[in-house]
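Worksheet: one structure, shown below.
A, B, C, D and E label the chains in the order they appear, each numbered from 1.
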Amino acid sequence: MTFSMADMRLLTPHLVITAAALLVLLAEAVSPGRRKGYLPYLGIAGIVVAAFTTPGLFGPARSGFSGMLAGDAFAAFVYFILYAVGALTLLVSDGYLRDEGRDHAEYYALVLLALVGMMLMAGATHLMTLFLALETMSIAIYALAGFFRDERSAEASFKYFILGAFSSGFLLYGIALLYGACGTTEIQGILDAFASNRALAGSAMALAGVGLVTVGFAFKVAAVPFHMWTPDAYQGAPTSVTAFMATGVKAAAFAAVLRVFFVAFQTLHVDWSGVLWVLALLTMTVGNLTAIAQTDVKRMLAYSSIAHAGYILVGVVAGTPEAGAGILYYLLAYAFMNIGAFACLIMVGRKGHENTELDAFAGLGFKFPALGLAMSLFMFSMAGIPPTAGFIGKFLIFKAAVHQGYYWLTIFGVLNSAASVYYYLRVIVTMYFKPEPDAPVVEALRAGPSMAVATILAGLGVLYFGIVPGGLVDLAEQALRYLV
Amino acid sequence: MSHFPYLSTITFLPLLGALVLLLIPRRSEGGIRAWTLAVAAVTFVISLALWVRFDPTQGGMQFVERKAWIESLGISYYVGIDGISLWLVLLTTFLSVICVLSSWGIAKRVKEYMLFFLLLETGMLGALISLDLVLFYIFWEAMLIPMYFLIGVWGGTDRIYAAIKFFIYTMVGSLLMLVAILALYYLNIRAGNAPTFDLLKLYELNLAPNVQFWMFAAFCLAFAIKVPMWPLHTWLPDAHTQAPTAGSVILAGVLLKMGTYGFLRFAMPLFPNAVEAWAPFMMVVAVIGIIYGALVAMVQDDVKKLVAYSSVSHLGFVMLGLFALNMQGVQGGLYQSLNHGISTGALFLLVGVIYERRHTRAIADFGGLAKSMPNYAAVFLIITMSSIGLPGLNGFVGEFLIMLGAFLTSKTAAVFAATGVILAAGYMLWMVKRVFFGALDKEENQGLADLTGLEWGYLIPMVVMAFWMGIYPGTFLRKTDATLELWLERFEAKKEACRSLEAPGALAWLQDGLNLVFPASHAD
Amino acid sequence: MTLAIFFVFAAFAVLGGVGVLLARNPIHSALSLVGTMVSLAGIYLLHHAEFIFAIQLMVYAGAIMTLIVFVIMLLDVRHEETESERLGFGKVIGMVLAGLMVVVLLVPLGAGLTGKAGGMTEEVLARVGGVEFLSEKLFTTYLLPFEIASVLLLVGLVGAVALAKKRL
Amino acid sequence: MIPFEYSMGLSAVLFGLGVVGVLVRRNVIVLLMCVELMLNAVNLAFVTVADHLNSVEGLLYVFFVMTVAAAEAAVGLAIVVSLYRARRAVHADEISLLKG
Amino acid sequence: MLDMIWLVPFFPMVGALVNGLFGRRMPKGLVATVACGSVFLSFLVSVGAFFSLKALPPAERVFEQVIFEWIASGSTKVTLGYLLDPLSCVMILVVTGVGFLIHVYSVGYMSHDPGFSRYFTYLNLFCFAMLTLVLGNSFLVLFVGWEGVGLCSYLLIGFWFEDAAKAAAGMKAFIVNRIGDFGFLLGMFLIFWKFGTLDFVPIMKEAPEVLVAGGAIVTAITLLLFVGATGKSAQIPLYVWLPDAMAGPTPVSALIHAATMVTAGVYMIGRCNVLYSMAPTSMTVVATIGALTALFAGTIAITQYDIKKVLAYSTVSQLGYMFTAMGVGAYAAGIFHLMTHAFFKACLFLGSGSVIHGMHEEQDMRRMGGLRKHMPHTYWTFLIATIAIAGVPPLAGFFSKDEILWNAWANGFKFQWFLGFAAAGITAFYMFRLVFMTFFGKERFDPHEVHVHESPASMTVPLWILAGLSIVGGWIGIPAALGGANQFHQWLAPVMGGASEAAEGVKQAAGGLGLVSTAWASEAAGAAAEAGGHADLVAEYALMFLSVAYALLGILVAYICYIAKPDLPGKVAAKCRGLYELLYNKYFVDEIYQAVFVEGTLALATFCYAFVDVVVIDGIVNGTGLLVRSVGSGLRRFQTGQVQAYALTILLGAVILVGYYAVVASF
């Protein structure tokens, strides 16, 4: 029972990106002190190559490596989200890191390796693979978060690390219990075990396992009350990393959640949907309400990402392929709008000063029209206002929730969404409606060509997927059809 | 059905114009203005073709265009107009031209201003022609953004508060409507139909009355906020007072109509039994709005705020008409929507004229203006009369039909509504008296110039419309006859069809939703 | 007999754990932890996991703990914890919750191990031996996790370098 | 054969001790050790289950968890070092620059 | 000629348009020509129409002309059309005739006013609206004119808008009228509800079938319409605007606030006589209000010093007579009085205008006196009109007023008769008080400072014409008792004839259902029979004598008070201080209205705004925002930055979550 070339096909994208990571490390090692500007593009090239090897995964579901890795459309869809995240992150990082004097190969390699971890999370069909992938991703992100090695960066990294490891313990314990209850931790195997043994649905061990796994995932997606690391880690980490964390980790984690909850725990929907119902409500509400009280845009976006996790959880609660497709769409939309927003944040900063205080934005909308336009677009998208991708994402998720009769959750969701408008608008209010202070905080934009390209791409993505979502929705639905 | 895509053309022409506008250098303000005017004017001219080619004998949708958009969800780009939307579309294109003219004096960030203006026009037109619920919702929300900027950037001193209040107020309502739209979609699927957001298909979906009840509540909230109906109106005075002149005009002229249009197009035909159940309540609220708005307008010391509150009163009339649920009332309501666009729009334009000269809107700062600005006073008086419903001017026709319609449904409502006629005369004339009559004793007011050519340019069309609509309403009413007849017919038929439908009690339906918080068993 | 040995190891393991908590000096904590790990290694042996027994001693008690002690030394943190005696409200809550957590984790044990796995049956083990079977599985069925683990270690390496290398 | 309840019970207790440690100790390195203690507890659970189910999977989990633990320890300690360099802080409660 | 009837309102409309759009750039002469000419053309067409109508047999004297379909919605079809019948024919003759004279008069009166063209624009517009009112073929068209004249009244009262008080008077007139309109509108709706149309012809024809005579609905309709009439025609309780309306230029007072517009209510009731006759309760109300108003306004007029105010109250009083006539079922008599009143009251107002003009805008009679010498034309014409209004035969006022009183008496409205009779003497008294104070006695001004002059011919000629009409105008309605043919009644008979049938209906209904007192029914029947019948001639003569004597008594008392013993009024006033104050202050009605309605409304409005809107609604709105924000700030506090606190939260969540699964969900 060894692996075959068919298995390798499933792994090609991962291998390509890993190779790119190694290449990046190697390139710096062999030419120390030289110009390193090409390194991120090396990474991007790797992602592009990987992207070319991916479309073949769409189609009938396959599984490889003895049921360890899926090669299905679902995974492929998430891969594409992750490619977008990875490429945009690298683009955003380029000028930013150079400006901050931290443009090291390790950074790009870690991003790429984290990306591999994320992809494996999305593709994992075995909890062991899943766990290892998750740790690969997490450890890389811990390191990335602390990459600037200043006070805040180190603190962010530390908090994320300690709590991440802490919650990993819970996740592992959960896996152990599931192992005990089901005899296997393969996704399909768990499903079969629950399906074949009705009594298992009432087994305290199995359910406690589900609960602990839920804790582990809830931590990764930053669901309340497992969210408290998020604002600190997001705020302290280098902004490009924050963007990466907020989008990539979220996408990978939700992909894993979908696979575990929609497939492995399919028969337990009755049990977990109620729990997630509460989590979703708490997450949306706490995220939004706390975001309203923020005065720092970066931290505000951190809380907003919690809120977004809440909306996505609404989709998880619904538990249907329709909802899953909505979640995938949402993740993609979120990737574009969030990275775009963080790119804008990077642009207003300068070395050593992030300038993410809300007041720093006063009057910037007119001073830097392109920045203002982009930031407004991202804010509107996050607020879920058409015609942006953010709207379509919310629309799809709420549609699925309503379809399952979760009226109240949906109503809470839209009310939350309305409340969130307040703080997203506040950014716009400050940018456009408030005069620039006499002593401008932001003199010039820190915008290299790569940053500009990233922002424009993100903006176009937000608009494109907001206006012509059709094809992508179909694709997402197709992805879910093979998953469930 | 292969014809020139008029509707898409007029809707997206402003958008296209806005994109081109981006290319015009910021410094050539004249060019920016001229281009915007040209775009708006061309849009208006093309929209006139709708009027000419509209077939008044046909009650259904005309100029229909349809293209699949998100096929798997049944969302399509589906547009068309009937007698209900025809005039609102024309009103929009007409007022847009007027507004661009009235914004000639905007000096601050002309380019952005005009840009948002054109975007706003696209949003409004799109919302009016959409026959797909999602498409409608998208335009409906997208409309908010430019308006938000227009208030927030070019508004008065409290513009930020007003802009945010406007935005969030509207958002809350429309998001709940979104939930209802989704629920409708789902119920339609549950009834065994193909998934679709096609409005005309959903018209045919018969829902049990108690289900309708809650669905209507959600739609109603969204539209009632937009209208705005008492007591959801408090965003309006703030938004109106703070918005720049053209913003107020559009806000009063078109945006508020979106609410009444929403009732006519969506909330009422979709949920007739709910309308029947809600109608008494709605009529009471509408009447309260009429009287309350008028009373509050009376004690305003800011001209613009006064006009804003008068809108609350006028829109109360419109709503009263709609919920009278007979031809006179509904047609009157629709007509009054148009009238309000003209007369209140013109009032805002007029207030803008003196605001530009004096930079104040406080009634106490004026007095005796009829002496220094006789032409202005004359136009103002004409519009005032139109606003208070003097026969021969537009306001009367609408108010008369509404009250007549309301009377046929509920005598009490009509009696109370008619007091609004008295109060309207009270607050408007009192304001006119304080602003225009009396001694011209304030030094600042003595040298005020009378209307300029430009101001004449945008006021004359409004006055002409006021007379036309008042003297020969047939031009307008006739085009809506067939549509509204069909509307009422369908309304009654659907009401009958749904009446006997079995469904759990209203609370059971709610319970259904509550159970799903912790679904015990969900078999679907 | 086995059971008695188990209880001895278990007692040591718990004692070690408590030691980690109570020791004021981080070095003492580290040594207590090593104690726990060694005890656990013994229990692994009782559970017929010879391979794990070995790597527990080598990797965990050896390598990882050495690393930790090394860093403690590196940072040379002299000032010892003084606050440990003070029990804040939060800490009491924490302990109560942790106790509850243990209870919650004990409850499911009543359900019993319901999984049906097999695979490592007596016959198989008799034929090939535990370690051989395990390694065979590791390089066939569980090849992918193994490869991921290698990437994981690479990440750990690069990450540690990125964070701690003096000049980068 | 040791009844699984015993081993699992021990595992739970050790897990709890680890959790308490994370909650109450100040020294960041000790926190790290407490996390290791939690992972050890989980390992015990895996071994127990593997033994009782005659399965190899649990043992492999232990193997991989150790790998993870090693990588975590490496990165974690690097973070501690970096934190110490940046802040001269080794106590968890002193690290609260980011809040609110 | 009849199908040219649309020209009647058309000419003034064109005049208004021309003067309104271009008047400011046209010479005054041209403006005046356009204005007067347009009304004169209307008058000519009206005369032509009259003769055309007269040529037809009485039963066919109805001509309807539809201009275009105005409002059509569902079953509502309202056409803009004109209806010419004897009633509207009388009205257009009065409106265009008197209107033309007043236009001519105005040319002189307003010659120095800077708002000359504006004035004539409004005046022409008024004529247009008034003619639409009287010619309208449906309630709605009537309402158009009704509102239109209200607008013109508003504009003309506030013509000199720089005086805030005058502007306020205009506003008051409009708003009080609106209160009346409120009733009128509702009345219309009721009619539409019952008839499905608002056109006069079908309504009047079908009324007996559609409505139950004496029933609640017809009573409601008529009462609501009457509310409209009280507003427009200044009856209790909505008369308050008319005295204030004297703020406008005097010719306006003559035309609008005496001769034409204020009589619209009377005309409207005359137009709806069929309906009113079916509603005895309403009739009683109308008659009583009318008579009360006649007396009430008369008493106020006694104490006023402003020459125009006296005339204003007199107008209110005379309108009261007209309503009394309508209420007692003497529709033709009411219209007759309307016409004669138009002549003499226009003459009086124009005369007063001439006086004011001559006195350089002085209106207070206490500063006049002895003007007889200075302004002979004015004096003589004024005197003639005064005698006419006082009811001295054989001038116009005698015939019309006497007919009303007689009908009231004969139809059993004794109480109303008594009120009207009482007012008659008072009328004679205060009118002659006015004449004596103004034209007789010593000059109470300094002739060297105030150069009193007679008005120009453009003003005196209309005065003489009107004076002449005041004399002869009544002769077309000389009652049979005095040997006349009462042509006026015969002329109106086709319109008013329906009333007798309706009254029959009432009688039957009363008999059959016992709804109405039989006594009344028989009286109503008597009233119906009155048209051609010969009631108690002796009583009629007696009453006639009585009222003439009473009027002469009034004149005599006025003579004693203001010529013979000029200090007497002061003494009387001092003696009855309270009563005098009450009268002088017009029973404090304005003050009461101000306090109750105006202040009450404003207080309610302030409450709505300052409390409901700002505190309650916005309080909730902003409070929600504040709540959300403070909850956010509160939640923020949980984020302490302490990593172990975070871990604790995670643990808490985990315990709850796993506990739920392991303990709750598994059981």
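Please note the rule applied: a contact is a pair of C-beta atoms (placed from the backbone, for glycine too) under 8 Å apart; a residue touches a chain by one contact, two chains touch by 3 or more.
All figures in this text were calculated on a predicted structure; none of them were measured in a lab.
*Asks:* Any chance you could name the chains that touch chain A and chain D both?
*Replies:* Looking at chain D and chain A together, the chains touching each of them are C, E.
*Asks:* What are the chains that chain B and chain C both touch?
*Replies:* The shared contacts of chain B and chain C, listed by label, come to A, E.
*Asks:* Just how many steps, at minimum, does a route from chain B to chain D need if it may pass only between touching chains?
*Replies:* 2
*Asks:* Among all chains, which one's averaged Cα position is nearest the averaged Cα position of every protein chain shown?
*Replies:* B
*Asks:* What chain is the most remote from chain C, judged by the mean position of CA atoms in each chain?
*Replies:* Farthest from chain C by mean C-alpha position: E.
*Asks:* Which chain's mean C-alpha position is the greatest distance from chain D's?
*Replies:* Of all the other chains, the one whose centre lies farthest from chain D is E.
*Asks:* For chain A and chain C, what's the span in angstrom between their mean Cα positions?
*Replies:* 30
*Asks:* Report, in whole Å, the distance between the mean C-alpha point of chain A and the mean C-alpha point of chain E.
*Replies:* About 78 Å, centre to centre.
*Asks:* Centroid from C-alpha atoms only, then distance chain B to chain E, rounded to Å. What do you get?
*Replies:* Computed value for the inter-centroid distance: 38 Å.
*Asks:* Counting in whole Å, what is the centre-to-centre distance of chain C and chain D, each centre being its mean C-alpha position?
*Replies:* Chain C and chain D have C-alpha centres separated by 7 Å.
*Asks:* Mark out which residues of chain C touch at least two other chains, giving numbers and ranges.
*Replies:* Only 90, 94, 98, 101, 104-105, 107-109, 111, 113, 115-117, 142, 145, 149, 152, 155-156, 159-163 qualify.
*Asks:* What positions in chain D touch 2 or more of the other chains?
*Replies:* Within chain D, residues 4, 8, 15, 18-19, 22-24, 32, 49, 52-53, 55, 57, 60, 64, 67-68, 71-72, 75, 78-80, 82, 92, 95-100 contact more than one other chain.
*Asks:* Give me the residue numbers in chain A that touch at least two other chains, ranges are fine.
*Replies:* 128, 132, 135, 139, 142-143, 146, 149, 157-159, 162, 166, 173, 177, 179-180, 183-184, 203-204, 207-208, 231-232, 294, 422
*Asks:* Judged by the touch rule stated earlier, which pairs of chains are there in contact?
*Replies:* So the chains that touch one another pair up as A-B, A-C, A-D, A-E, B-E, C-D, C-E, D-E.
*Asks:* Name, in rising order, each residue of chain E that touches chain A in their complex.
*Replies:* Residues 625, 628-629, 631-633, 635-636, 638-639, 641, 643, 645-647, 649-650, 652-654, 657-663, 665-667.
*Asks:* Within their complex, state which residues of chain A touch chain C.
*Replies:* 1-3, 11, 18, 25, 65-66, 68-69, 104, 106-107, 109-110, 113-114, 116-117, 120, 126, 128-129, 132-133, 135-136, 139-140, 142-144, 146-147, 149, 157, 173, 177, 179-184, 193, 197, 199-200, 203-209
*Asks:* Could you pull out which chain A residues touch chain B in their complex?
*Replies:* That would be residues 269-270, 273-274, 277, 366, 380, 385-387, 391, 395, 398-399, 402-411, 414-415, 417-418, 421-422, 425-426, 428-429, 432-434, 468-470, 473-474, 477 of chain A.
*Asks:* Would you mind writing out the residues of chain B in touch with chain E in their complex?
*Replies:* Going by the criterion above, the answer is residues 165, 168-169, 231, 233-235, 292, 295-296, 298-300, 326-328, 331-332, 368, 370-371, 381, 385, 390-392, 396-397, 400-401, 403-404, 407-408, 414-415, 418-419, 421-423, 425-426, 429-430, 432-433, 436-440, 471-474, 477-478, 481, 485.
*Asks:* Quick check on the complex: what are the chain A residues that touch chain D?
*Replies:* 128, 131-132, 135, 139, 142-143, 146, 149-159, 161-162, 165-166, 168-169, 172-173, 175-177, 179-180, 183-185, 231-232, 235-236, 294, 299
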